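The two complexes that follow have subunit A in common; it is paired with subunit B in the first and with subunit C in the second.
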Partner chain A sequence: MTAAKHTDLQISNTGRLKHAFATALAIDVARISDDLAYNSIAEWDSTAHMLLIAELENCFNLMLDTDDIIDMSSVQMAKTILSKHGVVFDVVFDHATTNQTGPA
Partner chain B sequence: MSTAIADSKQADGMWHQQHISEFSVELRPLQRQQLELLRQWRNDPAIAAPMLQQQLISAEMQQQWFTRIQNDKRQAQFVIYYKDEAIGACNLKSADGLELGQSQTIEAGFYLAHPRFRGTLLAFFPALALNQYCFGRLNCKTLLAQVKLSNSAALRFNEKLGYQRQPDNVMVQTGNELTGFDNVELAVFTLNNEHHQQAAATFIPFIRN
Partner chain C sequence: MEPAVAPHQSAPISLVTGASRGIGAAVALRLAALGHHLLLTARNKLILTTIAERCLKLGAASATVLPCDLTDQAAVLHMFNQIKQQHQRLDNLVNAAGMMQDSVLGMTKLADLQALFSLNVSASYQCCQLATRLMSRQKSGNIVNLASKVGESGAIGQSAYAASKAAISGLTKALAKELGPNGIRVNAVAPGFIETDLTAHYSDDQKQQLCQQISLGRTGQADEVAALVQFLCSSDASYLNGQIIAVDGGFSL
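Here is the complex of A and B:
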C-alpha cells in the first residue's frame, strides 16, 4: 500500500517535472529528456530559465537558492537539485517499473 | 602614519576604493596583487576570443598597463566576487573623455572566467550590479556596449540587459605590425536607466542570497 503511494507520487513528480519544463521552455513534453541542457536548444535561454525556476518552485512548492538556480543546467541536474529539497524521482520510479513487470 | 597607509593602498590598487555589493555579487576595485590572476584569465583562449585584442599579455605588459591606468579617473576596474571567490572582471570607461561621475556616457565591459558560472544566469548579476552603479551612483545617462557581430551570445546577453541595438555597426582595426591587421565589425548597443530598471526587474525575483 505504501509502495503504491510512493509509486503514484513518483510518477506524478516525474510528470510534473516534465510538464514544468515543457511549459517554461514552450516545447513538447516529448523533447524533455534527462540530458536536455541549458543553452543546448534555442528555447532554453536565460529568460526561459527564469520562467523554469518560477515554474518548478510553484509546482513543487519550494524555494531554490542562487546556487541551485546556477547549477540547474540540465533536466538531470534539476532532478538532483529537487531531490535535495525532498522531491523523489527516479529511484521510486524504477520500483514502479519493477512492480509492473513483476509476477502476475 | 595614516597618510602613509592611505598612500600605500593607493599605490597598490585602483584610484576608486568603493566596493559594489548588489545582485548577489561583489565588485571589488582591482588590486595590483590580482594582476597575475587577471592575466591568466585574459590569456585563456576562451576568454580572449570575444575580445578585440588577441595578443598574449606578458606579466610585464600587465604591470605597465596597471601603472598607466590605476589613477585614470576616466575608468574603473573591478574583480567580480561571488561568495568571496574571484570569478571574473569588469570595467567602466568614460566614452566622452570626462571623469567617471561627470561622464554622461560610459562604456561597460566584463567577462566571467570561472567555468562554473560562464553562460549561466549568474553572468547577468555582475552586469546588472555594474549598470545599477553607473545609473544610481555615477549618474550617467547612457551606457554603451560594443560587441563583435560573431559573438551571438553576447548580442543576446546585452538585449536581455535592456540594451537597445543601434542601426549602424562600426568597423574597427585590430592587431599590430607583427601579427598583421584585421578589420572587425561591431554591433553598437546603448542602455538608459529606464530600460535598465525594466530589465533588472525581471531578474530581481531570482536574487536569493
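Here is the complex of A and C:
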C-alpha cells in the first residue's frame, strides 16, 4: 500500500470515527475531540454508550469484547481500542510511516 | 454454514437457541411458517440440520445452522460475529436453550448448580448482550426468554432450576427497562409442565399428580408455548414489554 493510500485510510477512519460518535451521541461532529470523555457530557451516558458501540461495530465491521466496551472511556481510548482491532488512525500511521521511510 | 436459500432481506431475522428440540425447535418451526430468516443454534449439528430442512419446507426465507456450545463464551462471540457478517442485523432472539436439575437442596452438587447457571443464565445473558449490539443500531428488536412456572412459584426438588429461572425473570424485567428506550422489547414465557425431553423422565403417576393441579387437567405441548413466543416476536405484541407470561394451563392459579 502506498503512503497516499495510507493517508486516505487515515483521514477516512478518523472521519468515520467522528461521524459514528456524532450519530450515536446525537451531537455536532465539531464537538468530537480526543479529549471527549464518557459521562463528561449529558449526551454520552450509559444508554448512548451502547448505541455508540453498535455504531462503531457497524462502521468498522467488527465486534468488540466486553472489556473493550468498559474501557472505552474517551474518544482517544476508542482510537486505541479500535487500533487493537486493526483500524488505522493517525498515530499508528505515523509509526508505520517512520518504519517504512526511516533511515536504513 | 451458508443459508440454504438466497436471503429475502425484508423478512425478519430470528435467532433461536436450543433449536434442536423441545420448545426451541417448536419456535423455529412456527417462525419458519411466517417466512423468517432463521438462525438455529444448539450443540447437535445433525439434528439442527434436520430442523432447518423442516423450516425451509414450512416457508422459512432461509435456515442457517450454527452449531455452538452456548457455555463456551468464545464460541458464542464467534457465532454472533458470523451473524453480523452475514446479516448485519438481528430482529428476534429467542433464548430457548436450557437444562433442568431435579434434586433436593442437600443432594445438589455445587458443580451441577454452576453448570445449570452457566447455560440457563450466563449463556442467555451473553446472547442478550451480543444480540442487543446488533439490534441497537436499528432501534428495534425482540428478545424472548424462557422463564418457568417453577421460577415464579418454586417446586420441591427444583431449587437450583427454580433459582436459574427466577434469574431469567429478573433479567427480563431489568432488560425491558434498560433496552426499552432503544426500541428493544424483552419478554419471557413461563411454561408449566410441557411434554419435552426435559420432562421425559417423569413417570405416568407423577404426571397424573401434576395434572390434578392444572385446571385444564393435562400437560402442555411445546407448540403451545411456541405460539406465544411467535406472538411476542410479532408486531401484534408491539406494546408488550417486561412481561413474564405463564403458559401452564392454569397451573399457576
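The rule is simple: the second predicted complex is superposed on the first by the 90 of 104 C-alpha atoms of A that agree within 3 Å, B and C clash if a C-alpha of one lies under 4 Å from a C-alpha of the other, contacts with A are read in each partner's own complex, and residues count from 1 in each chain.
The rule is short, and it goes like this: contacts are C-beta pairs under 8 Å (C-beta built on N, C-alpha and C of every residue); 3 or more make two chains touch, one makes a residue touch a chain.
Please read all numbers here as calculations on a predicted model, not as lab measurements.
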Taking subunit A as the common reference for superposition, should the pair subunit B and subunit C be classed as clashing or as fitting?
clash
Looking at the overlay, does A:Asp34 come into contact with subunit B only (first), subunit C only (second), both, or neither?
neither
Contacts of A:Asp65 with subunit B and subunit C, given as first, second, both or neither
both
Kindly classify A:Ser73 by the partners it touches after superposition: subunit B alone (first), subunit C alone (second), both, or neither?
first
Would you check which partner chain A:Leu51 touches, where first means subunit B only, second means subunit C only, and both and neither mean what they say?
second
In the superposed model, does subunit B or subunit C contact more residues of subunit A?
B
On subunit A, positions contacted by subunit B and by subunit C:
47, 50, 53-54, 63, 65-66
Residue ranges of subunit C in contact with subunit A within the complex:
77, 80-81, 84-85, 88, 129-130, 132-134, 136-137, 178, 181-182
Which residues of subunit A touch subunit C once you look at their complex with the stated criterion?
47, 50-51, 53-55, 57-58, 61, 63, 65-66
Show which residues of subunit B lie in contact with subunit A when the two form their complex.
24, 116-117, 119-122, 124, 156-157, 160, 202-203, 205-209
Under the definition above, what is the set of subunit A residues touching subunit B in their complex?
38-39, 45-47, 49-50, 53-54, 63-66, 69-70, 73
